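For clarity, chains are labelled A, B, C and D in written order, and residue numbers in each chain start from 1.
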Amino acid sequence: MTFYSDNAAAPCPEVLAAIAAAAPATVSGYDGDPISARLDAAFAEVFGQACTVLPVGTGTAANALALATMVPPYGAIVCHQDAHIQVDECGAPGFFTGGAALMLVPGAAGKLTPEGIATALLPHRGDVHQVQVRALSLTQATEAGTVYTPAELAALGDHARAQGWRVHLDGARFANAVAHLGCHPGDISCRAGVDILSFGTIKNGGLSAEAIVVFGPDLVADLKFRRKRAGQMPSKGRFQAAQLLAMIEGGTWLRNAARANAGAQAIAAAAGDRVMHPVEANEVFVQLRPGEPERLRAAGLGFYDWGAAGSGEARFVVAWDTPDADIAALAALLAG
Amino acid sequence: MTFYSDNAAAPCPEVLAAIAAAAPATVSGYDGDPISARLDAAFAEVFGQACTVLPVGTGTAANALALATMVPPYGAIVCHQDAHIQVDECGAPGFFTGGAALMLVPGAAGKLTPEGIATALLPHRGDVHQVQVRALSLTQATEAGTVYTPAELAALGDHARAQGWRVHLDGARFANAVAHLGCHPGDISCRAGVDILSFGTIKNGGLSAEAIVVFGPDLVADLKFRRKRAGQMPSKGRFQAAQLLAMIEGGTWLRNAARANAGAQAIAAAAGDRVMHPVEANEVFVQLRPGEPERLRAAGLGFYDWGAAGSGEARFVVAWDTPDADIAALAALLAG
Amino acid sequence: MTFYSDNAAAPCPEVLAAIAAAAPATVSGYDGDPISARLDAAFAEVFGQACTVLPVGTGTAANALALATMVPPYGAIVCHQDAHIQVDECGAPGFFTGGAALMLVPGAAGKLTPEGIATALLPHRGDVHQVQVRALSLTQATEAGTVYTPAELAALGDHARAQGWRVHLDGARFANAVAHLGCHPGDISCRAGVDILSFGTIKNGGLSAEAIVVFGPDLVADLKFRRKRAGQMPSKGRFQAAQLLAMIEGGTWLRNAARANAGAQAIAAAAGDRVMHPVEANEVFVQLRPGEPERLRAAGLGFYDWGAAGSGEARFVVAWDTPDADIAALAALLAG
Amino acid sequence: MTFYSDNAAAPCPEVLAAIAAAAPATVSGYDGDPISARLDAAFAEVFGQACTVLPVGTGTAANALALATMVPPYGAIVCHQDAHIQVDECGAPGFFTGGAALMLVPGAAGKLTPEGIATALLPHRGDVHQVQVRALSLTQATEAGTVYTPAELAALGDHARAQGWRVHLDGARFANAVAHLGCHPGDISCRAGVDILSFGTIKNGGLSAEAIVVFGPDLVADLKFRRKRAGQMPSKGRFQAAQLLAMIEGGTWLRNAARANAGAQAIAAAAGDRVMHPVEANEVFVQLRPGEPERLRAAGLGFYDWGAAGSGEARFVVAWDTPDADIAALAALLAG
């Protein structure tokens, strides 16, 4: 019974079937095959806006490539202090941008606000002695398992636009956010001012494809060269394209995410007021009681301690394929 | 009937089966799963030497990461003027190394020699005003479809060692070289002084995994961080590991390569003295006659013109899955 | 009457004379002239330890080159949150290192402590998902105008060594620190575990030369290439060497610094308990009273507001050539 | 008697006087002083076009910064195969651009032509698999001591514009070219399509200032940040500005260059038909006779062998301050 992360889950049947179906040889490699040719239109259908889709192999690559195309080497990127690009990507933004800096902003429940950003940047200057903010990177669903509302995102997008910044959205769990909100996918991406979305599938039943979804047409040409140069353009690109199509066509992505979200709700209900942040996606952060971590592990549950050492905080992540019985077992233990 | 490249071929059944078998969820992501845990030992068995294996998604990533760990930003890499790292990777070595230069050396039939390298570097100096050669990058099989003998490679390795350079081998078609030579894989890699091998599978029946095989233990720690930072460490890494194991365990890689090589021999035999380089792998370069390109294409054959515009040169690549009938058809047309 | 910064002061007569004396043509450019040839020995005499001295044109270049030779691109550098390398160098460390990160640590009165660093790094991990600390960058005198004691620096150096980090010291105002402590220059550099010192002269009566003083011989070769590559190796390098020699030979650097420090003491005495940090170098931070900034400026005094907008904090910097009358005028106004 | 290079010559009296005159303290550092404030207008007067002037400390910095602002990291720069940026700057363009490549083009007498460039780039493609040419870097006077005519430069500028490339001119010896041609400085810079000129003074009687002269206003903002970030913005920038003004105001630059050019003509006349390239600036390349290098050196002459080892080629560079007697001595020996 493992609640470590959704990143080691099984790929869903739709994705596996799509890979098998894409197996026959094609005439052209790279993005020249018929499956890859369908990507842009399929995503435009989902988002209600023309876009360009560039598949890559990891979320780290999606995020770092997106940011590199938005900011110069002397640029800076505003993000939450707990953002994945800061905490878990080994400095990839610094590598891909040629040395741009992340400007870390705190925010409750994993969320940024225009006011919080403005306050954090008060000492920052626009002269040549300092790096220059050129992009805002948001995460949806957030690292705290919460979800920005369309209005919250739009306000952040407006704030960024007013400063002349581009907007990146790390959507490793974007599907969980859409499933939670029940909104149109465009409401929390292109319509909220997002220029580039890192659209994740791997945590949500995918196998090896994430999508860089570019809504800002001026960014496309640059990004294509950067992607190739980064070794993120596989010759058999049809297998990434096929996975992405399998996720979005027929609604697989939302079904998988809804299932994971529901599991998180069940766990949250059991944990009651010990839940540390609103549970709006597929992650539950719980303040455990003394001795409880040991009891849970003794019962066969795998999960990560969170927060500062000894804090007693724990993170439980539900994947699209987490067995109902495992969820029930965890819930029972937490409620007990 | 397509002879454009082996890079859009179908994945072989062994690889597809391995992906399906790796589907069930694992406890740990990244390289923490049981399949990934088998990689080092499996490759050590093949090469007869301890090594560390880091899967990545493209040959470009394998090459550029290997080089970045070998040379400082002010370094230089000696390679053939037609090397893939120079011609077809959008400057990836420059990106990954932080700006190191490629020093291009000519050489007949795609091959370098110690003498050729020494001559080309005669004007080069060791003072601080010039970039400093720190690595030699070779390609096996070469871009001309030829294969270095173990003795040729060992001589190049010795030359590099004598200068204090590390040695990288771009083995996108390494399997074809081993199949041609019938040698031990170590004879044209670790035993010939190669520090890091880019072991390709994608052109040889793989789907999305190449292996960085590191024989120099001092290079491993640095490379692991660079790989993560480059977005080349997927959370579901077990699918790359499974593909690599499917290729090398049971000899799939050599069977696939031998089949492609045999097809190239059939085409070469038909082309006779119009073949431009010794055909030792799965590529055939042919000097076509006036009007012949058009006739071949009218017959339904797909292939790339090669060399300078109007030269009449053509490249035919045979993949592991190129139908016998297609090969026979091409051979008949060339012989006609 | 300007107390903005010491960075626009006049060069001292010794430096101007040295430049004039270096004017005649030499046989060899770059570092091949007789003046440059004296640098290493002259600094070794000052520091009591063999060292290699590489002149550069700015403190930013000195700092960034030093750090680039200490940390890999996936590395991180621990520094005070107010460090010049973070606040006023437009991200130069990110550029020169290829994207390494600064890890900002708070600390009272501009100083770091081993305990403060350890606490700040508690959440930091050594796995491949995070950048890796490889260097500690300290500033002496600090950005708050305070000075680390030899014991404080040695403790920080020990802490760094114990973690396997290299130690960089930003000594833009190193002379002021030595003048304040009355210690041997080695006591707060090489003897305290510093690998590379950015030895500043420009703020202390120099014109256009800062020295990278390398105590770690293993770092020299790499640094020389990086310096050239960064455009920091002028062909008429003798003029930078001459300035550096003019500063250290005959004690000019300590005389100039002592004079500036004394001016700061006079101002601090006048400001009394409104001084915000111990005044140990040539900078005085004062909590002004409402209306006082306007009164001072009306009296013809130039200085920077400091801290958050509206805080009423001000910074006064005394240069080696600030007129006594100006210092007295400021002191009288503050005491009034 | 040294003819090694003009890069170790004495600074001229005008420059030394300007440095002395700039000594008094100023209110603001960096570019905020009254001397720096005069730069743009003074250069606009010389070039007959509005421009922005950014002083730096070396020609390498001027060149690399200029190129970095013109090409993306996946870009390429066309230059002569003997260009200083390729041969003698330790790969600085690769560092400053984030890994862009130089595309080396051969050309007689150190010159490029539109036809030569077009031929060299024939195999180059515009797809994402290759780096993309975005700039042409020319050198005036060339590395062979020749000078492009205004018409030659304009044709190259037109060729670049037609491809969508920016144009950089390495003018380490720009003054010698203008003195030779007797043209308006704008005729071989802004009026010929040059976007950024590296205007050299150090080889021509300067001490430590080169000027990046930007004619393309869209490039200025980016360049200012890159300059600071590269540690090329000294706080006492007034000393670089003063040197630049001393060179261009009053015609010092052209007088110095004319004197050096004249010396080269005297040497060329003596060498007769052994001169290898037209002598149009201050460099003379001579095919020496067997035994002649030894005889010249025995007579006390310092100079560099050139070309391949054993070729007998020699380079003689005349500086603005090379004594007439030395020139006469060399001429007599060559004519003898």
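The definition used in the following text is that contacts are C-beta pairs under 8 Å (C-beta built on N, C-alpha and C of every residue); 3 or more make two chains touch, one makes a residue touch a chain.
Here the structure is a predicted model, which is why all the values come from computation and not from measurement.
For chain C, the chain with the farthest CA centroid is B. The greater number of contacting C-beta pairs, out of the two interfaces B-C and B-D, is seen for B-D. The mean-CA centres of chain B and chain C are about 50 angstrom from one another, to the nearest whole unit. Averaged C-alpha coordinates put the centre of chain A at 34 Å from the centre of chain B. Rounded to whole angstrom, the centroid-to-centroid distance between chain B and chain D, based on C-alpha atoms, equals 42 Å. Looking at chain B, one finds that residues 73-74, 89-91, 95, 98, 128-129, 225, 228-229, 233 touch two or more other chains. Chain B meets chain D in the complex at residues 73-74, 76, 87-91, 94-95, 97-102, 122-123, 128-131, 308-309.
Against chain B, in their complex, chain A makes its touches with residues 2, 4-5, 7-11, 16, 19-20, 23-30, 33, 56-62, 64-65, 89-92, 95, 202-203, 207-208, 225, 228-236, 239-240, 302, 319, 321. By the touch rule above, chain B contacts chain C in their complex via residues 72-74, 98, 128-129, 132, 222, 224-229, 233.
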